[in-house]
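What follows are several structures.
Same chain, two partners: chain A is paired with chain B first, then with chain C.
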Partner chain A sequence: MKLSKILKLVLIISITITTTGCWGARELNDLSIATGMAIDKKQDGYELTVQVVLPSKTDSKGGGEGRTPVVTFHTTAKTLWEAGRKLIQDSSRQIYAGHLRILVLGEEVAKEGIEKVIDLFFRFQEMRSDILVLVAKEKRGSDILKVLTAMEKNPTMHLYNSIQRAEKLWAPTEAVELSDLISNSSMSGGGQVLTVVELKGPLSKGIASSNLKKIVPPTKLRIDGLAALKNGRLVGYLNENESQGFSFITDNVTRTIGHVKCKNGRIAMEIFKSRSDVKGDYIEGKPRINIKVETEASIGEVDCDINLTDPNNIAELENKAEEEIKSRMRAALHKAQTVLTTDIFGFGEKIRRSNPKEWRKLKRNWEKQYPSLTVDMEVKVKIKDTRVITNPVFKGNQK
Partner chain B sequence: MRSIFKKINEKIINNHSENASQNNVSNNPQPLHFSINQNIIEMRNTLGNSSDLSIREFLLGKNNLKAAVIYIDGLVNKDFIQNYILKPLIIEKDEILQDDIYEQDLFVLLLNRVLTIGETREVSDFEKLYESLLSGETILLIDQQVKGIVASTKGWRDRGVEEPTTSNVVRGSKEGFSETLRTNTALIRRRIKDTHLRIDTKQIGKVTKTDVAILYVEGIADEKVIKEVHIRLDSINIDGILESGYLEEFIQDKTYTPFPTVYYSERPDEIVGGILEGRIAIIIDGTPFVLLVPALFIHFFQSAEDYYQRFDISTLVRILRFLAFFMALLIPSIYIALTSYHQEMIPTTLLISLGGQREGVPFPAIVEVLLMEINFEILREAGLRMPKAVGSAISIVGALVIGEAAVQAGLVSAAMVIVVSITAISSFIFPSYNMSFPVRILRFIFIGLASILGLFGICLGLFLLTFHLCSLRSFGVPYMSPLGPFDLEDQKDTVFRFPHQYLFKRPHSTGKKNVTRLAPEKDKGLREEETR
Partner chain C sequence: MKQIQKINARQMTIFVIFYFIGSTILITPATLAAGGKQDAWISAIIGVIVSLFFVWFYTSIAKLNPEKNFIEYLEIVLGKWVGKFVSMLYILFFILSAAGSVWIIGDFMTTQVMPATPAVVFHIAFTMVVIFGVRWGIEVLARSAEIFFFWFIVLLLFFILFLLADIKVENITPIFENGFHPIVQASLYFISISGVTMFTFLLILPSARNAQSIRKTMMIGTFFGGMVLVVITFLCISVLGPTLTEYNVYPTYALAKKVNLGNFLERIEVIIAGIFMVTIFIKTTLYFYAIMISLAQTFRLKDYRPLVFPVGMWIVILSLVIYPSSVYAENWNSNVWIPFVFTFGFVFPIIVWGIGKWKARKRKEVRN
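Then we have the complex of A and B:
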């Protein structure tokens, strides 16, 4: 009796320990860590390109001098899920997507509509929601992942880091994460933007290791402007000014630099604080949008003769800066409203929130209404300081 | 699991009691014989003619009464016997011991006028006689007397009061307890000069008859706990107590727990600190380790020095200790869980670097961790017990086994060496050495859980650990108090150590009576005067 009890206990313990199959356990050296992924069209299927890190090459002991620390696999299949699994044919290890940082969509794919390819990324539990989604301007997505970059050994980390930093310091860039796509797609209006990556220089030189051996790399990757989507389809690109205007409207400016003209030169200012407030409204039965932007700036560079101790001059500069910002916002609005006719700013959502009942009526012909939507803007710039010195040191030839 | 142990135990206990009842000897003490010769023969027989038994026979008084001084060589101070017993009895006897003295008065006379030794008493039966004799006292037997005189002449080789070896301090008393009970009680008495300090003594162990002293301050310590200590000590029925560890196991509330519920220390100041908090000290003869009950979880994270140093650094160090507790417990298991289940939780760059280190390592992470942890435990155990002469050899080999060589041999990854080292160092931070035992044991359980269930397993383990800790009690006081049953007032001296002038009260969990430790108003007044 007693023995059988002990026996039972031992059995239970040994069974629980030996038969739980460590489900999902994977050793680090059985994984290939994917950091970048690109999707392109291929006849009636997709080409999936995955960039994985070679841990032994990135090891601090520096085993892989002169060799690329990443390797790229690509397969073609009718669906992405199949393509992903087929990668095992090339790679000796299972692709691990938990650390995916960048998803590059080829221009063709983006034009056809991102919703067709994006489902997998929401459905698959391994994926993060903070993957940055990019569009390769006029290129295939796979081309972007082939270029060797100088600052980072890993091209996807290069892209990831430069987008993250540029978003904070340079208004035209906006980092669009996978989760933004979800929240935007559920909003009324139907517009969307994506970050754009551009290949500068010939691809053939970018993929050769000589690209790293030159002081001026012939081929570079550059984050530039934004891509505008309408109902999930790529319809056009915003240039630098328009992108900056977009950022001001959508309250996405952390810090940026711009300039205003003065007498015989220019004054550069850094905006270090910006808050915008977009309100939808109905006035006399018509939808209206009201944008209020409040920014704080500092003077960073002066190359004309101006007395900055005079408050009137500062006020004048503030007015000029306000005009400058307004002009950029107008450029963005013009491009989006009349050229591309896509509600990338989410105005539809603002109107819906202010008056859901009216929006239900408006919704049907929103596309027609949108280009003629009245947008009021109000910009306020406050110059807080002039940095280390006040007036320019050299008064120049004027006096 | 426990029920099995219990059943086995019960069976053994039953067998024992049967045996005990069979050879139950009558407890009547045997009185001394009238004749001294008979007494001496009896003693020689009982003690088996042991070589350390000294019997000095002589003649007493003008009647030439036969007398004997009996003691155990090595346990007594021979100068005492020489100068204060034998000398007065043999040389100076004649002036006092006249013929006309009645025999009944002989003892009174001897005690009052002859024996110049401090502590004496009479003994009339053999049981008491042996007890005194074997604890180092000297027996004076006189012919035609059915009683003897016991003179306290204890004096043996003693290590003396030395610096404690197990818990060192930078600032604070350098005195440590020694193996002699009396020295130890004196060390405490010297620190508490209060009439309320109580020292209750009893003997435990049928064969060893070890002296055990219970110390507390009446009026501060909880009577219920004092009573409980007495009851638990009295219920011990063992042949011998060699170290406080014996008692610890007998008196603790729960046997099947890795956590210590009895505190021990080699430092008198620490024990006195405990007594002032209303706790009860138990000193066992023959060991410098003094027990302190009730012992709560937090006590093992507090050191005497916390109160000698400034409060800010003490608080910081205490927080560090709690951090180290979790690090020593969880780092290897978290490493396993993260690297084999939850790779997405590691920052990308770190993951790549870890992955690079693991290239070419033949074992899964769990084997790697177990290999290193077991290696380290072996090294630690070997280091404790080996002869000092081979110490350096072991440390050289140890550095090879847990170090760069293991990495270069491709057996383990470099990160693993760091994990094991951090764990090892963290487990040494506790001021009480015995808190590192549960951590060492539970670490392996957590490693197992993490390797089967990942982080989920670790959380499960932490849940169960919390339940277990909250279920523990030490002499009726909840083990996790003042964290478990939360007590705001006591938080001043738990993780934090507030400045002394804010610690008005004794901890509620142990010092329920006479809670005020410091009179705040008076203190304030003094301060104001000083600043003026």
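Then we have the complex of A and C:
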């Protein structure tokens, strides 16, 4: 009786000791936590650049003199996974990718096709599908991860935050998550967009810590416009206006600001609600797209003389704003349909959803049909308020 | 062997729910999406309806002779030696199925959660719990299933609630794009893994306390379990999209990774994985229990308990070698599994049921 009790106790103790934690436990001080990754071409292989945080340098007291809060390693190999493992030669710790926030693709890689590089990110269990994917405009991806940024100690967090915020507050960009890349919505038509990051200023100044010591940093990273892909290959960039038009069409506007002309000045309006409805349909045997955009706006800045208490004036402003939005949407459509000929809006998918039978026939010559596709649009702007004051304060022009 | 331990109707319902969900919850959304694409959830609904028919059929067999389990019945109907031979085939089937379930746990843990841990550790740890469960008997299992059930429901509700915001209804359109045929075809695997394997209950049902209500109990359990699977499949398709659902080996786990409540409550997929752990545990344990009942019956043992540990060791070893690789497993599942399980879950039972009915009628005639 007593013996079995002792035996039980021994068993309990040995089990509790041996079953805590997992086999492959890696403590924080064995890991280097990667937050950013960049992929570039190198001969017939890849160059993988990984930005990891230095734990002691990211807290508020750390970040001491002379050392940067992050460190970037890079290595070359024929495949990305090999490159990732080879990094250990430089870094002394194993890279942990579970906190990866952004993936920067060099322009060359994007031109050659993203499907060649994204497989690893879905196959490897450490990766999460909410990583943001960017294209480095006219640059190598590794350049982007070398620049020091002022607002955030960690440059990848700078990019991550600025994409997230720019998407919400300033429409001409879109946060593209890894899982979006193989979601069905973009597959039928073969088009896709990616966020663009631009390096403003010389790289040589951006990599020096003096970049942070100046009030005006000579080199900056900027999230700007969108990259258009066709069948996974980068074919061109949309500028600010076109990107904004794209966001209106694809219902990705949360807030944005635009202006309309009035007499001798301009009126800026903030759009704070936008809903777009894209419908694909067949009319007389031809595919047709109908876009309906409904937005709500408020007047934010007026520098001309106008009576804003008059409903007629407001209606006129609404019309002008509608035209303005339409022109941006038209610019986006023109760029995508005739210049780049890529279905970034997912029109093919809309047609497939509304009429799958016809789509099966259309699918084969979608490439040829797409540029001449008729797109009808209807935009409605509703001005909800004039903010804190009604009429413009400065009436100098009246005299 | 007499099944002395008895379980009540509620416990039986919980068993049916867990068993029906089993490993299906983890793998099947991928298989359904591979065939049915965005209509995978319709395939799941069809699967549940067909499974209900199977359950109806199995309870008809059970009603022919509610006191005896299927293996006993085999010997009565097919004669002693043929009956024993078929029983042994059934034992083989249960052993393979139990080992397959253990393999799924090992594969899931090593590829998704703890890649550095050798699979054998999970196989042993998991089978140990199964062994204890079977050793203590069906009543203990039923009570633990009741306790699990509460947590299962809580986790499931959390899971569904947190994902509601991520549902994109456009992912499930257009409905019936490729016609009805691929949808029905996709549901076949669902039926084979959830519906047809329900015949294991033919061995467990004699433990039910109230034999009259078994059909109702089984149907309710199957329906509820089926609805859970339909909802999970629907969530996979509408949140991940048909393409990602198809590409993932374990789409439900990929779905759990999506749970994110305001950047605050996230990365809780392992807790969510508790749902699959519980259901796979119950399914494996019931397979194991079926092995024990069959062994005891076929070899006329008074007590199956001395055999639990050795057979458990068998299963650990077998589960390590049953599939040489995950690619092999996938091939086996799509090519061999369906005819294999239909032989045991449909062909044999219908023969037994036919002969049983015929013999019963003859007996009546003789008496008259």
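Criterion: the second predicted complex is superposed on the first by the 370 of 399 C-alpha atoms of A that agree within 3 Å, B and C clash if a C-alpha of one lies under 4 Å from a C-alpha of the other, contacts with A are read in each partner's own complex, and residues count from 1 in each chain.
One rule holds for everything that comes next: a contact is a pair of C-beta atoms (placed from the backbone, for glycine too) under 8 Å apart; a residue touches a chain by one contact, two chains touch by 3 or more.
Not measured: the values here are computed from a predicted model.
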Request  = Check whether A:V53 is in contact with chain B, with chain C, with both or with neither, and answer first, second, both or neither.
outcome  = first
Would you check which partner chain A:L9 touches, where first means chain B only, second means chain C only, and both and neither mean what they say?
first
Exercise. Is A:S247 contacted by the first partner chain B, the second partner chain C, both or neither?
Worked result: neither
Touching partner for A:S129 - first (chain B), second (chain C), both, neither: second
Touching partner for A:Y96 - first (chain B), second (chain C), both, neither: first
Classify the contacts of A:E27 with the two partner chains as first (chain B alone), second (chain C alone), both, or neither. first
**Prompt:** Is A:T75 in contact with chain B, with chain C, with both, or with neither (first, second, both, neither)?
**Reply:** neither
- Which of the two partners, first being chain B and second being chain C, lies in contact with A:S179: first, second, both, or neither? second
Per residue count on chain A, the busier partner among chain B and chain C is B
Residues on chain A touched by both chain B and chain C 22, 24, 128
Note: in the complex, chain B contacts chain A through residues 1, 4, 7, 339-341, 343-344, 348, 351-361, 364-365, 448, 451-454
Listed in rising order, the residues of chain C that touch chain A in the complex are 38, 111-118, 121, 125, 170-171, 173-174, 177-178, 240-244, 247, 254, 257-258, 260
Chain A contacts chain B in the complex at 2, 5-6, 9, 17, 20, 22, 24-29, 31, 33, 35, 53, 55-60, 96, 98-99, 101, 126, 128, 157
Residue set of chain A touching chain C in the complex reads 19, 22-24, 122, 125, 128-130, 179, 182-185, 187, 352-356
